[in-house]
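In order of appearance the chains are A, B and C, and numbering begins at 1 in each one.
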Amino acid sequence: MAGSPSRAAGRRLQLPLLCLFLQGATAVLFAVFVRYNHKTDAALWHRSNHSNADNEFYFRYPSFQDVHAMVFVGFGFLMVFLQRYGFSSVGFTFLLAAFALQWSTLVQGFLHSFHGGHIHVGVESMINADFCAGAVLISFGAVLGKTGPAQLLLMALLEVVLFGINEFVLLHLLGVRDAGGSMTIHTFGAYFGLVLSRVLYRPQLEKSKHRQGSVYHSDLFAMIGTIFLWIFWPSFNAALTALGAGQHRTALNTYYSLAASTLGTFALSALVGEDGRLDMPILESKFKVQDTCGVHNLHGMPGVLGALLGVLVAGLATHEAYGDGLESVFPLIAEGQRSATSQAMHQLFGLFVTLMFASVGGGLGGLLLKLPFLDSPPDSQCYEDQVHWQVPGEHEDKAQRPLRVEEADTQA
Amino acid sequence: MAGSPSRAAGRRLQLPLLCLFLQGATAVLFAVFVRYNHKTDAALWHRSNHSNADNEFYFRYPSFQDVHAMVFVGFGFLMVFLQRYGFSSVGFTFLLAAFALQWSTLVQGFLHSFHGGHIHVGVESMINADFCAGAVLISFGAVLGKTGPAQLLLMALLEVVLFGINEFVLLHLLGVRDAGGSMTIHTFGAYFGLVLSRVLYRPQLEKSKHRQGSVYHSDLFAMIGTIFLWIFWPSFNAALTALGAGQHRTALNTYYSLAASTLGTFALSALVGEDGRLDMPILESKFKVQDTCGVHNLHGMPGVLGALLGVLVAGLATHEAYGDGLESVFPLIAEGQRSATSQAMHQLFGLFVTLMFASVGGGLGGLLLKLPFLDSPPDSQCYEDQVHWQVPGEHEDKAQRPLRVEEADTQA
Amino acid sequence: MAGSPSRAAGRRLQLPLLCLFLQGATAVLFAVFVRYNHKTDAALWHRSNHSNADNEFYFRYPSFQDVHAMVFVGFGFLMVFLQRYGFSSVGFTFLLAAFALQWSTLVQGFLHSFHGGHIHVGVESMINADFCAGAVLISFGAVLGKTGPAQLLLMALLEVVLFGINEFVLLHLLGVRDAGGSMTIHTFGAYFGLVLSRVLYRPQLEKSKHRQGSVYHSDLFAMIGTIFLWIFWPSFNAALTALGAGQHRTALNTYYSLAASTLGTFALSALVGEDGRLDMPILESKFKVQDTCGVHNLHGMPGVLGALLGVLVAGLATHEAYGDGLESVFPLIAEGQRSATSQAMHQLFGLFVTLMFASVGGGLGGLLLKLPFLDSPPDSQCYEDQVHWQVPGEHEDKAQRPLRVEEADTQA
């Protein structure tokens, strides 16, 4: 099943060596460059005049934990819908996110908060790191079932760097405002993954087609993921916005927007569904198309729409609407450095830059992952846990394998 | 399976049109009437003298998120115990709650916070909206498996209005204190649903009886729901209580009360169980009786008991016990407007009013849902996902349908 | 299946009577001894000069809720991997934790916060109670599948007392600092359970060996537990540390440490796995060995390592590294009462004391649980829900039992 002996031996060492190398390098870089910031460091904090209640931890940590649950529970279980790929979906989500959050702390740190030879970290770094992990998991969705763990780690290695640079260009060089991560997270993650998936195109993939379906209980597991992403979305959007009314307003807007789009989704699903029935899980049905459409519909198109809406909102921003709050929403307009129209043009250019970075990066990533010695599963073994995992029951009665009643039939 | 062609066509359009109409109307009403409150609005907040740490968001949002998880994860998965109704339980919970929370923001807003022609919303509105959605889901539990999604939306449409009026009468007109929503949420939601279920009584429902059982893994999914409801209950009760010691005390009391009742539940279950064995899932076994008993035991009786306990506590409230805190617990007694006895009588009257609103409302709701063109599933297709959802495997090998090993037997 | 009639009758009464007795006694002790502390009591709080934002509730409650989710969702589902023991894993977790958290509030209260004849409780008590429940659940992991609920309650009765005394000796008498509960929770819980399991050793247990495996979907449920323990671990470690920078730093350190160890775990699993494949669930595979190894690897060894690291850190603590923050990390060093070396020796002695308490206590617990009238499942019925629970489908078609396709085969 695992191909020739040498290939098996190669894979045997590929993943552990890559994990150890990446983690070792990350640990060394952390030791050399990463330091507590002044709200985390015992000595610095106690020297300051702040009360404990002012520590940013209390304003952001509850939202961070919600985001953290989204990344690991939400994305992890969202992708469990494939009938034989649950271990890989949850397990590789774990692996990718655990690497991406460390690596992005370094990359984002070098680009955003490198002072005096050090990166200074706190609760904001943790949220930013989880955001970047989220973008990597969006890309993972586009290649789900068709890539091995070593390939995925290399994808994350490249993507995190480009994510950080794109974010730096948008937020720092162009002064773009990116509400909810429309551009930096959703648009970037989706198109990076889609272009990469396109480069990895396999004409013979229908050999694994029978495994692309879901089974009843795998869909229920996927619903756990869907619901966790849904309920914590307000925290995701509010986690890093301005303290006070900013966070409050962002959470509120997200809450009502999500509720409204849920009714719209049900309406659409019932309209297009066979016999007027609903398709399950209704909110993640778009995921099931493994190729372009899945991630494109869920993150790509919404990300671009969100970005275009940002262009519109920037173009209409006035002191009348925001009062002194304009400072925290569009600071460059508030300070008179830019007109609303100029801010709108910058927003639009930011979207263009994001699409460029994602496409070129995804293309490069695809070429990288095509390196022949990497652990890509064969065409006939895609969407299958057994290539990567020891699955319960595989050594015993074959019919005991999970939920494969059809085999029991055949044998009977 | 789906009845005559015209009926199928009717259902095909019924749900999407109802969703689109309700969401469209809600969106228009939001645009016209709903505005940010002064803790959410950028301009208003920045004009005030408050520090960001004083924004109500930080006192209430973590509890809101717990409540939000209870409504969507807790209620959603609690009802997954039926062996073939998991998609509907989770999916309709989503649909009902997403509509109810928007609609109740409008209804509660008109009744409680309509100033200058506008409803002003913030984190308290979100919590209140989720509470009302919770009441609707309690009622959903009473008719689970016997109603279609369009019927359920109409139920929510009516119930949210009556919920809001009942709450207004109790809290504003009668000056009743309703700890943990005993009356406004649990009692109201339970008896509304039970009376409605009674009106929908079907003598031929035993045709679907074989689907009312659970299977092993569906019970484990239901345990996810149970546990999320259990662990976040302290937040549910504390989310809207007075800041400071009030929230602190409420969470603490709920925490220990829940732990104590858990041991009591195990004792009772082991006493009455066959061979002294426990029934699973132990904390939600009462749900399994689809009719009166289920919701009655879990929300109805406890709600009434909680309300009666509130009568007792009000009657015994003294300045000695509460000190200045009496102001936040029973303000009318603290201000000398009412004696403790008078407050107790008002509490009792509030319970009576709630039971009236719930019964009459549930009756009306039942008549509404009996309208013949609505999407009620036939007697033989109750508790069955396939009426409403596309279920994985239905077009392929029949034996591949989830967990129907008995069919494999028959075929073999 | 349930043994002789008298034995069955004995079990029938054993669990309910024990539950009622323990809960009754606990309730009486709460009524007599437990009072609100000054941040929870309405009268005391309103008499103080603090603003509501200063109430400790707001600094600790979000972390408490994360810990609470770890205890009930995390531990509960972590142990669902056994193919026929899901009800027991989740259900007994519920029962044990609900009792342990009440009982430990009393025990810890008498030892730590008994003033004026009363125990004063608040959000810190809730966190401490959940921590102790966590230690009991770690011990539960060592005897999972081999003990009945009444036995487990007696184990908890004893373990909570010894947990409290050990904690008192370490924190109050020895002035030890115990970061993340390495000693008081992980080391104590693990070795108490392991010694107890050793005393309960059964030579004939291989009769139940076929039930020790997992099935595909039970492993996915176990992943839910694993992920919840993983994502909320930062809150677990930070919940009771010093406010401000202390909590901030603890959460941050835990976050990055967990991510780093995840890559290490994948590397190791791929290295030792058959064909270089990963074992699932990768982070809890150690649990599968029911005996010594399971809990030993996951809590015992890490706990001891953490404790030894604490010795090292204490020995190296200087004013230079911590500044005024040293007061909150190692107060006795900061106040000049101890040298760093002396603190290190005290830390080491604390580990020794913990191992002694755990071993002697676990031994006593094992002897207690061997009392012949207790509800120990027979050798051939271990790891089996049906001994303790009514399992869906057991009265109907045998083949309908969950996921036992192999039976369908045999019958066909």
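Structural remarks
Note that a contact is a pair of C-beta atoms (placed from the backbone, for glycine too) under 8 Å apart; a residue touches a chain by one contact, two chains touch by 3 or more.
Model, not experiment: these values are computed from the prediction.
Contact topology of the protein chains: fully connected, every pair of chains touching.
Two copies of one chain, chain A and chain B, form a contact in which under half of the residue numbers belong to both partners.
Bringing chain A onto chain C by least-squares fit of CA atoms involves turning it by 120°, to the nearest 5. Distance from the chain A centre to the chain B centre is 32 Å, each centre being the mean of its Cα atoms. Touching two or more other chains at once are residues 53, 58, 62, 217, 224, 403, 405, 408, 412 of chain B.
Contact residues of chain A toward chain B in the complex are 53-54, 58-59, 62-63, 66, 83, 213-220, 223-224, 227-228, 230-232, 234-235, 243-249, 251-252, 255-256, 258-260, 262-264, 266-268, 270-271, 273-283, 321-329, 403, 405-406, 408-409, 412.
Listed in rising order, the residues of chain C touching chain B in the complex are 2, 8-9, 11-17, 19-20, 22-23, 26-27, 30, 36, 39-47, 50, 52-53, 55-58, 61-62, 65, 68-69, 72-73, 76-77, 80, 86-87, 90-91, 94-95, 97-99, 101-102, 105, 121-123, 125-126, 149, 217, 221, 224, 385-393, 396-397, 399-405, 408, 411-412.
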